[in-house]
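A, B and C are the chain letters, set down in written order, and residue numbers restart from 1 in every chain.
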Amino acid sequence: MRRTPILAVALAATSALALSACGGGGGFSSNSATQNSKSGPVKLTMMIGSSGDAETAAVKEATSAWAKKTGNTVEVIAASDLGQQLGQAFASSSPPDLFYTDASKIGTYAKAGNLFAYGDQVKDAGFVDSLVQSFTYDGKFYCAPKDSSTLGLQINTDLWKKAGLTDADIPKDWAGLETVAKKLTSGNVTGLVIGNDINRSGAFMKQAGGWVVTDGKMSADAAGNLQGLQEVQKMMKDGSLKFNTQTKPAAGWGGEAFGKGLAAMTIEGNWIAGGMKDFPNIKYKTVELPAGPAGKGTLTFTNCWGIAAKSPNQAQAVELVKSLITPEQQMKFADAFGVMPSTTEGLKQFGEKYPDSKAFVDGAAYGQGPVNLAGLDEVIGKFNSQLGTMTGTSGDPKAWLSDLQKNGTAALAG
Amino acid sequence: MNRRVSPVKQVVLYVALVLFAILFIYPFFIQIATSFKTDPDAAAHPLSLIPNPFDLHAWKQIFGQGSASVPFLTWMKNSVVIAVVVTVARVFLDSLAGYALSRLRFRGRGFVFAALLAVMSVPSVALLIPKFLMVNYLGIYDTYTAMILPLIVDGAGVFIMKQFFDSVPVSIEEAARMDGASIFRTFWSVVLPMARPALITLTILSFQGSWNEFTHFLVTTQSLEHKTLVTGLASLVSGQLGTGTQYPLKLGAALLTTIPVAVIFFALQRYFIRGANEGGVKG
Amino acid sequence: MRRTTPGGKGIRGREGIAGWLFVSPMIIILGLFLVIPVVMALWVSLTNWNGSVNPFQGGPGAQFVGVRNYTDLFAKDGLTRSNFMQSIGNTFWYVLFVVPLQTALALGLALLVNTKMLKAKGFFRTAFYFPSVTSSIAISTVFLFLFSSTGAVNALLGAIGLGQPNWFSDSRGLVHLLLGAVGVDNPSWAQGEVLGRTLWDWFSGPSVALTVIIFLVVWTTSGTFMLMFIAALQDLPVEVDEAAALDGTSGWQKLRHVTIPMIRPTLFLVITLGLIGTWQVFDQIYVMGKGNPDGTTLTPAYLSYQQSFGNFKYGSGAAMAFVVFAIIVVLTRIQRWALSDKDERRPLLRRRKAVTR
């Protein structure tokens, strides 16, 4: 009794679909490779992944200033889950014209044909070189870097003094880091607490001369990567380093452990200032990360102003971006919500205005951007899940790296 | 159960019941209390039901005007409008179809009902991508149309109404029809008033269902102004970590999401309980 | 069934038109937003659509690839299969815990509340049912707070001197923890691989993080099922009770040999609904971890969503959804078969008659 209707309904539906398919698929549209531009005043939509009201307000102010000057209008949409919302928007007929794009997503978006590559039109703005690399995929510079953050070493100055340490002890290399971390570890306080994924341990890999990807190919099996992770594991074995999930009680991220006094040091980026507002009693300062056997190394995190391949207003969108990447405008953003400018000139001004953030600024010169090849974010996700289970005595970094190499190579091939 | 329950047994029974009641209800009290706490207080005294200090910043943020990235008032408006429109449409269209399937003899009725049962057995997890495809295909992605239209009929509701009409005697409406009233007129002014208990149950189920709806809105909308309290809360909660945990705000928002259904629940409890049993047919 | 209607053919004709008119909104809406979309998604599951072009036009970005999306889930060594298999494994454990627990809790609460002479019956029933009517997203938010590292549950555990796990970032499986306690850790016999995962991984048990979601779901759904049991218990004839009392059977014996057999149809319904529901868990995962830690809260429903809207592999994501659909259908069939076999088919037949009435 029940099988027939299912079949019949499916048949009816198929024929209905076949009929309507002749009329073309209303909402789906194909994208165009050339620059689209409507003439006359247009309405641009911009989707941002905002850190809060301060950021949203600052972006709105900047875009409406441009809109007033040029006679266009700009609508700013603050997305709450930018990655997911963009994914859906790309598949619809009218994605936002402009949007924040995380560097780790560039490959995936570009490969699917969602991004309009306008890098050539803005490449003379004086961007920091590593940021340009972060937004270059398959030889094309896709979009203008919006801002940047780098990792630094945060030190709880009270605990530092209590352990008898002075400015001269600030670690310059791994040996120095091991020494101070051991001295700072006592009772429930761990010397160094870091997040449990590649976005922190990766700095050690970089300092040992390794990185996951080199020249568009997987290089996870390079010696430096293993050496970096082994250093993390060694300090873990000493008890002077823990992941945020291993402190007691466990913390959601490094900054939380640091703020609760469970950690004397942590490794975080510019956003630490915001995080520490929850813990006003902690006095701290940020220094550059210590160098490893292959020299200094840190990680850079960044977004760019992406422009949709399907946008009918690309010319105007590029004009808007140009107004947003001037050093003056970037400094306004920095004042409003703490991010660092993406141009060398802007960075210089930022460093002068915010001397406390000097370590972050210095790191920008040699920071390693995120892995940005298509399809690799899920591979990195898998690696992170393995790395997160590491302890001083268990876990096999070598096996994880070789998994990463294998999965990554497969993802890049297909 | 024995006629005379021994006092010991009775004490055990009540202790068990009270313990379970605490287990089921205490989280809601924590939720209410925490929404009036400061962030550090919420982290330091998670079990306490007394905010110390008493703090309104979460609620100010929810009802305040300055909150551009978390426009609760817009979400609340969306939730109310959508739940009301969907409920009204659903109650009408479901009972219309349920009545036809139960009472009106037309060619193909058996087939339509069997097809309805087949359609009802499709699990909602298999519908995320399909809904997204159709909404895009029609070009109504990220509109109120896409949010409301697919929800205005639901198979389970039609089924409940059909079952109900099957269970009431036909004599009254036949009398009405003998008097020459049209079929729709009979339905509207004779049948529907009779069906009041079922309609209330269906109203409750529809309101609760559309108010709490999540996945449908997740795949058919993107912009902040088309969020409902539920989808807005979900994105607030699953959003960026590391910018402070803000539990008072999140729990306040969750409370706001809970209140309308809770009010209706306490007011119309007995119908709810009936609905739960009839809703059991829902796949 | 057939009744003689006064009025003859004229009314029949009117009824015919009215009947179709009355059901047409339902047919249009369910057809347009349920039936046709499912067919569309079936088509997409046979393509490599990446979301940037029209999926029904073919060409780059939407090529027809046959059943490759399906076979890749089972046969192609790689991340997609390992994630999918992990999500299946997680769900297997999740179902294994949730369905028995929620059924037992619901039945237990129903028996308690259904006790004769109980005062405040309505209050208790309301208290147990209330979590069921609230939004799953709102409840998940509350549980995120309760089980956070500084949350209420840890405060409680700390107060009675127990350990305070970091619930949402602990990926260790319960079975692994149990075996670890007796000194078994990844033994050689568990190294064989099935569908790309070692036996050791398959037998991990639910992770600590998944356990929170198990608590949450048992807690929220028990109320609904309790009401179904109460309704069934109230329908029991009084004589049964009295006969059992005269026989002097103990409470437990009565439950096992009298009550449970008599509410078997409801038990069957509750277990079926439980099975269907647990294989689809999505909302809670979306709010409480999105598959983290270590993929141990991944479910096929969430993975399908993630694969489509996050990784732009809509074909693969749709294929996952249809595999889950098939699993649900097969499981309910198996369960129907297993339950009918034991009991000479009589209760089942009775039940069926009741439904198709």
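Side notes on the structure shown:
Please note the rule applied: a residue touches a chain if its C-beta (ideal position, glycine included) is under 8 Å from a C-beta of that chain, and two chains touch if they have at least 3 such contacts.
On a predicted model such as this, the values are computed, not experimentally measured, just so you know.
Comparing the CA-atom centres of all chains against that of chain C, the greatest distance is found for A.
Chain pairs B-C and A-B differ in how many C-beta pairs are in contact, and the one with more is B-C.
Chain A and chain B have Cα centroids lying 38 Å from one another. Separation between the centroids of chain B and chain C, computed from CA atoms only, is 18 Å.
Residue positions of chain C with contacts to 2 or more other chains are 35-36, 38, 40, 55, 148, 150, 154, 308-309, 314.
Within chain A, contacts with two or more other chains are made by residues 9, 25, 28, 88, 91, 252. Annotation for chain B: residues touching 2 or more other chains are 119, 132, 137, 219, 238, 245. Touching chain C in their complex are the following residues of chain A: 9-10, 12-14, 16-17, 21, 24-25, 28-31, 83-84, 87-88, 90-91, 108, 112-114, 196, 245, 248-252, 309-310, 375, 377-379, 382, 385-386, 388-389, 407, 410-411.
Residues 39-40, 66-69, 111, 114-115, 117-119, 132, 135-142, 219, 222-224, 227, 232, 235-236, 238-245 of chain B are the ones touching chain A in the complex. The touching residues of chain C, counted against chain A in their complex, run 31, 35-36, 38-40, 50-57, 61, 78-79, 82-83, 148-150, 154, 164-166, 169-171, 292-295, 308-312, 314. Residues of chain A that touch chain B in their complex: 1-2, 4-6, 8-9, 25-28, 49-53, 55-57, 60, 77-81, 85, 88-89, 91-93, 252-253, 255, 271, 274-275, 277-278. In the complex of the two chains, the chain C residues touching chain B come out as 3, 5-7, 11-12, 14-20, 22-23, 25-27, 29-30, 32-38, 40-41, 44, 55, 109, 112-113, 115-118, 122-146, 148, 150-152, 154-156, 219, 223-224, 227-228, 231, 241, 245, 251, 269, 273, 276, 279-280, 282-283, 286-287, 290, 300-301, 304-305, 308-309, 314, 317-318, 321-322, 324-325, 328-329, 357.
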